[in-house]
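Per-chain numbering from 1; labels A, B, C, D, E, F, G and H assigned in written order.
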Amino acid sequence: MLKANEIIFAGFGGQGVLSMGQIIAYAAMIEKKEVSWMPSYGPEMRGGTANCTVIVSNEKINSPIVSRFDSAIILNQPSLDKFEPAMKPGGILIYEKTCLVNLPTRTDIECYGVPAIEEAVKLNKKQVANMIILGFFLAKRPLLEHENVLKALKKVLPERHHHMIPVNEQALEVGRKLAGEMVLA
Amino acid sequence: MENEIQDNGLEIVYKKPSTLTDTPLHYCPGCGHSVVHRVLMEVVDELGIQDKTIGVAPVGCSVFAYNYMNIDMQEAAHGRAGAVATGIKRVLPDKYVFSYQGDGDLAAIGTAETIHTVNRGENILMVFINNAIYGMTGGQMAPTSLEGMKTATSPYGRDVKLMGYPLKITELLAQLPGALYVTRQSVHTPNAVRKLKKAVKASFEYQKLNEGTCFIEVVSNCPSGWKQTPVQTMKWIEENMFPKYPLGDIKVPKF
Amino acid sequence: MEKINYKRSEPRLMKGNEALAESAIRADLDAYFGYPITPQSEILEYFEEQIPIRHGKVLQAESEVASINMVYGAAGAGARVMTSSSSPGVSLMQEGISYIASAQLPCLVVNVVRGGPGLGTIQPSQGDYFQAVKGGGHGDYHLIVLAPATVQEMADFVFDAFRLAEEYRCPAMILSDGALGQMMEKVELIEEGQFPKRNFSWATTGKPATRERNIITSLFIEPEKMEGINYDLQAKYAKIQKNEVRYELVETDDADIILVAFGLSARICQKTIELAREKGIKLGLIRPITLYPFPTNIIKEFADKAKFFLVVEMNAGQMVEDVALAVNGKKPVYYKGRMGGMIPTPEEVLVEVENIIAKQSEEKR
Amino acid sequence: MIRGKVTINSSTCKGCELCIAACPQESLALSKQINLAGYRYAELAKDNCTGCINCALVCPEAAITVYRQQKAKKSVTTIGE
Amino acid sequence: MENEIQDNGLEIVYKKPSTLTDTPLHYCPGCGHSVVHRVLMEVVDELGIQDKTIGVAPVGCSVFAYNYMNIDMQEAAHGRAGAVATGIKRVLPDKYVFSYQGDGDLAAIGTAETIHTVNRGENILMVFINNAIYGMTGGQMAPTSLEGMKTATSPYGRDVKLMGYPLKITELLAQLPGALYVTRQSVHTPNAVRKLKKAVKASFEYQKLNEGTCFIEVVSNCPSGWKQTPVQTMKWIEENMFPKYPLGDIKVPKF
Amino acid sequence: MEKINYKRSEPRLMKGNEALAESAIRADLDAYFGYPITPQSEILEYFEEQIPIRHGKVLQAESEVASINMVYGAAGAGARVMTSSSSPGVSLMQEGISYIASAQLPCLVVNVVRGGPGLGTIQPSQGDYFQAVKGGGHGDYHLIVLAPATVQEMADFVFDAFRLAEEYRCPAMILSDGALGQMMEKVELIEEGQFPKRNFSWATTGKPATRERNIITSLFIEPEKMEGINYDLQAKYAKIQKNEVRYELVETDDADIILVAFGLSARICQKTIELAREKGIKLGLIRPITLYPFPTNIIKEFADKAKFFLVVEMNAGQMVEDVALAVNGKKPVYYKGRMGGMIPTPEEVLVEVENIIAKQSEEKR
Amino acid sequence: MIRGKVTINSSTCKGCELCIAACPQESLALSKQINLAGYRYAELAKDNCTGCINCALVCPEAAITVYRQQKAKKSVTTIGE
Amino acid sequence: MLKANEIIFAGFGGQGVLSMGQIIAYAAMIEKKEVSWMPSYGPEMRGGTANCTVIVSNEKINSPIVSRFDSAIILNQPSLDKFEPAMKPGGILIYEKTCLVNLPTRTDIECYGVPAIEEAVKLNKKQVANMIILGFFLAKRPLLEHENVLKALKKVLPERHHHMIPVNEQALEVGRKLAGEMVLA
């Protein structure tokens, strides 16, 4: 594993990008790794683009601000346009298939288009598309133990949504499976 | 885009006013701010006063109003739109000046400026968007939030004895001799929008008379802050806002 | 500055703003008064959620002007009290802060700085350094200013701030920024119940027959008396300067070039050091933790050893003046910064260092 | 009944459905498609529009243009009344 | 000084309250501030609450109130006494807290704090000295200055259309649900002083109930600012102030 | 700084505050907004008396917060506009001033400083130097700060302030004090009608069909844009620093000890020079007239010649930092001051000089 | 008629004459002397005081103490009513 | 004549000390002398002590603040207590006779007690006592031409009081005469 993994989660507000990042962050903390989670915040909170940067590291994290990424989870077109160029060579970029018009073009990174919404609809919960992607990502980049991701999920999900834990777990699993099937985008 | 009169015998009976720019509005889907912007610009169009109108935007969701209204505008510090508008109107007494403010802006931090602007009878129009919440900063309690209302800063519901009562600032202002025309309107139905527009038009016309301040409260919505769909908010306005903030003219000029 | 070993809770992942608020509750806060403003509204929101089910008082004020004056009243009544805001809101508090400093009341003001001037942006900035350390209000006064660089420090400095404020009867400020407020990191919070309340003999709690009445005021209409107050204040500041300076040294032992940076900028600089050392450039960092009192002496010391200083700030160059005053001409002092909500990258700081090195060796030739 | 028509700017519409709720004819519906901003947008779904402009009056995005069968000699305005 | 009961069969029926200090008052001869100070301290004496009472002085002529009242006091920034009193009362809810403010302080710069303090129904007493002028700074126009009144900043008389109308803030405050008891009193005659004292006493007693803010406006005088002798000012109060600021209770608690 | 030879009226005896106000009317002021506060209420009072019978607009605002925001509105509408206050009132204006600087509006703010901090006294002071020159509000901005030392300058600097403010689209401040405001001296006022109005293309006067709409704002929500604004501001400040520095030299030709003082303090120092020279001590004075831009270069020059610098201020030592930054370690820089409304006497300044001389010669031995 | 008496603190009195105007008995008058603060002060000029305390109620300086013929068994207070 | 004369006028508010100073200042300006007038201002405006310092000089005045005086006009006891010690040796101190309890004691200055109120009452205008003292002072220290003092008087007196110019002139004359009669206090 790398010394640190610098991950960007980006999409529209409401697609769950911030909580994806938080789950990773919590899980990393459970594993006693160093971690930082930095949202972009703004009046754009209310729609528009939302993103967060997560750093998972085995060493103390100095700058929580990074401009180049090892991993990217992309849920809309503006985010792809913004972050594709910022990927480090050899990095991984995962996007939701139906959300993009123009696909990534870089060849020095791994790119995967995940049909997360489609799969989520199959689970009767469109909202868990993000968890499918997360499952996919963690399968491709096994930064964290699965059980810790589940623990983190419980932390991040508000109490009142705890009845949705099973379907979220299911979604993670779906993503993980998709990752097994998919070798390159 | 379209021709005024179409080949097929249809004529345009409603289109976007030309004084509204083409910049996409940054507001959340279904937000009343946008409607009020449009109504204001319809009136400016209709009265042909684009070149004589100066607007003052607040700090609040409508901070970017100047991106949408194709008129000269100033962006005021939080709560100070009344003072800024006063500054403009005093040095340009022949222009139409209006301020546009949210409930946090006008009725919390800007209370003093609001009251004294109206008390001086500044010859301006003040448009007051009451959505019972601080929209821009993420849904905190506003002075106009209703009793028991849950917001980001009243998570257990507004406890009026600790946090203050819903402030009916419009009723207070109506009592000031400087207030010429004070009315409460809404945007929850097409008819409400029609009435709002009438009030705006009247206010601009009164402004020529130099007889005092016109003040329009618009009972509006905040789908994001209220955590409701836009359609739900309109119902909620009727059921919850109107009992506290009833519509209608509160003070009309006597001539 | 005193170092206390508190008992701490299990690590949690928290936003800086929330960690600060939670820490304040654990520091047995009596009251919080504040007004929403991005990027720190979570502080008020956290208190509104937690205080009613735990202890203390919280009130959303009608403005920052009201907030700071409520703080004045509560502090004068002997309470442990704080407010928080971000740049424009803190500007509105300047009169009140000057009053509090003059009346010598302990309290905590948190500024989660955003890009200015004016309405500006809501992104992180350090543009309020001067306001914080030189006194943005009128007259000669100071705040004790602590600059956290991590979420852990956002939490811990609440305790330090109250301790110092109460010891010196002096308002304290935590000067943070939007990034530190919004980001989440691991934090081990100090556990509740370890931070006792003091009994202030000067507080207005109602005059019993047994003592003279207490008066909280900053009005001394005879200039001779007001000057007396000023001498008292200056004596206090001298004492604070002597006893309470705090800073961190990072890889300075063998460094021949010294970066000076506080808060978020200091973390950027740590990364720069890493990058620089990979290239064989011996960079070190002095991180002022207390911005007032400023760590003048340690910088002076390094002025003998270092080739030059580079001050890295998220502003147009403010702390660089205090560094230059400390260095006092012995070595060149440079500034590198970004403004209005932009954050310098470790890489661009390194480029700056390299440019200066190049320029200097050119000058020598 | 008067014949009318509306056109809706599908790129600025945010799918708030206020027009749909305001239409007395129930002429409007949301699209299946999403636009670039990620919203499903309103469309004229039935051919029974009367050109009453209700939908346009409540549309926050000023996305709706309304047409109506030409009457005798009413002059064209841009105004909602 | 004197014995309570004299040899000659006379008994003391009135003397300076013991909670008033011996410091000579700095007010101009005949100034109403002093009378109100005395009345406040008479009530504190009478209720025996010296050890439970905390006062807040404003910026204005009464800035030095703490020199005269032998109780714990704080001096607030100009206009902010409401906020300061709020701060005190919130952390010491069992104490009696009152603020004391002039018309410039309370109704100009402090308008927002005043309105929101009352709107929250802070359980305090606010004493509001309306002398229709800025006494301390040398007789400038106050929000309550009367129409046509000549002051240092309205040398041609207050032109209400330019400078604002006399602000009846007390009437506004009475409408806020947070206001428990709102009354307008005066000091122009012995009887007025008697009534004022009753109002003060009632207010302190209401404060125990935690039911809202008590607000007492005192129509007072400013011989220096008005450029009249003290005796003239009392007549002027009756003839000119009362028509605009009529005496009496404006809101009384309903129990 | 440009020097213009205006036609002037016969000498009159006037209070500083009134001379300033009269001068503003002659400078064709469009509007004044202000709130009473000692020791400058005469400014508002003078306007309320004169403007109605002459020209312009005047309004007593409900507060200083309102005043500065009225100034913002009127300045944005292209008017020549000013406000005035004293220390606590100016603190309340800090948010508004930051907005004005950020929106790049020309206007004049007068601070007739009194003793602080807090409510303080109403006696003269220079305790607001930092606030004036470092920016008491949030973010990186500056005011052009002029420091008059006579009633004549109280009047004249109004013209200079407006000229600079309008040329640079930058708020200007006259930093005076209670003594200069209250005292009467002879003054030859600039006659009316010599100071033309500019036509500001950016002003919000109503958008005609022929131009794009004008927007006055300080909000640039993308930090990249806000940084751009900051770069523009900094470029402007650099230009101001290059072109507009103003200072006065008093008996510096043969001086080996340099006093540095502004405003009233500078006049005290002139007397000190007189007394010193009687004793054979070669004192000279650098009087900064513009406090921002600060006359750094001239001080630098003297750092080569002078034995030491003594900065005399009516505060706890503020300008002394800027002097030390200019001297940059070349020579010792000392501070002598009084605070909270007290004024140093020429004699005590001389004693200080003599003490330093004694100390220095002792150190040599 | 009830017999009363007042004593007036001549050093704190500022000669505002409010007591004089308020006395229904016209018992009070200003002194010829001035005190250290430069004011002529109020004095009891006639012997017809009834101890009604009107003067004391309006006195801004709290300079007046009022005495009255002892009645049956009223307890002494410091209060004006 | 001295290079400069530094004069303090001090008394209660309302005794006219500020205008005495202003008259001197105006007259000096008319004579093209350098001059400064500095009031002590404060909440004491309204009663309490009031004073002003006037410097009349043939050279440019640097410090307008002086702590030692050549001349003093004293109208109440607190002012005497404060300013007698601040007199330069050889200076002149003039006080109103009825206003003091304790008289000045310094022997290195000229002291005069002027019965100004008594004389003013004789003129039926108690308010002109200050002008009597001023006349007295100017007779003892002829800093300024009489006609310029009269011109200055017109400047200082508000328009609405211009009908009182004659009685003020008379008062100046009375003071001048008293000075002739009086050699030492």
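Quick note on the criterion: a residue touches a chain if its C-beta (ideal position, glycine included) is under 8 Å from a C-beta of that chain, and two chains touch if they have at least 3 such contacts.
Just so it is clear, the structure is predicted and the values come from calculations on it, not from any experiment.
Steps from chain D to chain H, minimised over paths through touching chains, total 3.
At the far end from chain F, in terms of centres built from Cα atoms, lies D.
Comparing chain pairs B-C and E-G by the number of C-beta pairs in contact, the larger count belongs to E-G.
Chain B and chain E have Cα centroids separated by 37 Å.
One finds 39 Å separating the Cα centroids of chain A and chain D.
Computed from the mean C-alpha positions, the centre of chain A lies at a distance of 63 Å from the centre of chain E. Each of the following residues of chain D touches two or more other chains: 37. For chain H, the set of residues that touch two or more other chains comprises 42-43, 47. Touching of two or more other chains is recorded for residues 27-29, 63, 75, 77, 108-109, 111-112, 116, 136, 138, 143, 162-163 of chain B. Every residue of chain E that touches chain F in the complex is listed here, in rising order: 59, 63, 75, 77-79, 104, 108-109, 111, 134, 136-138, 140-141, 143, 152-156, 162-163. Within the complex formed with chain E, the residues of chain C that make contact are 30-31, 33, 57, 59, 61-63, 65-67, 69-79, 81, 95-96, 99, 103, 204-209, 213-219. For chain B in complex with chain E, the residues that touch the partner chain are 108-112, 115-116, 119-121, 143, 160-165, 167-168, 171-172, 175-178.
Of all the residues in chain F, the ones that touch chain E in their complex are 35-38, 41, 44-45, 48-49, 52, 59-60, 62-65, 88, 119.
Interface of chain A with chain D (complex): residues 12, 47, 76-77, 99, 101.
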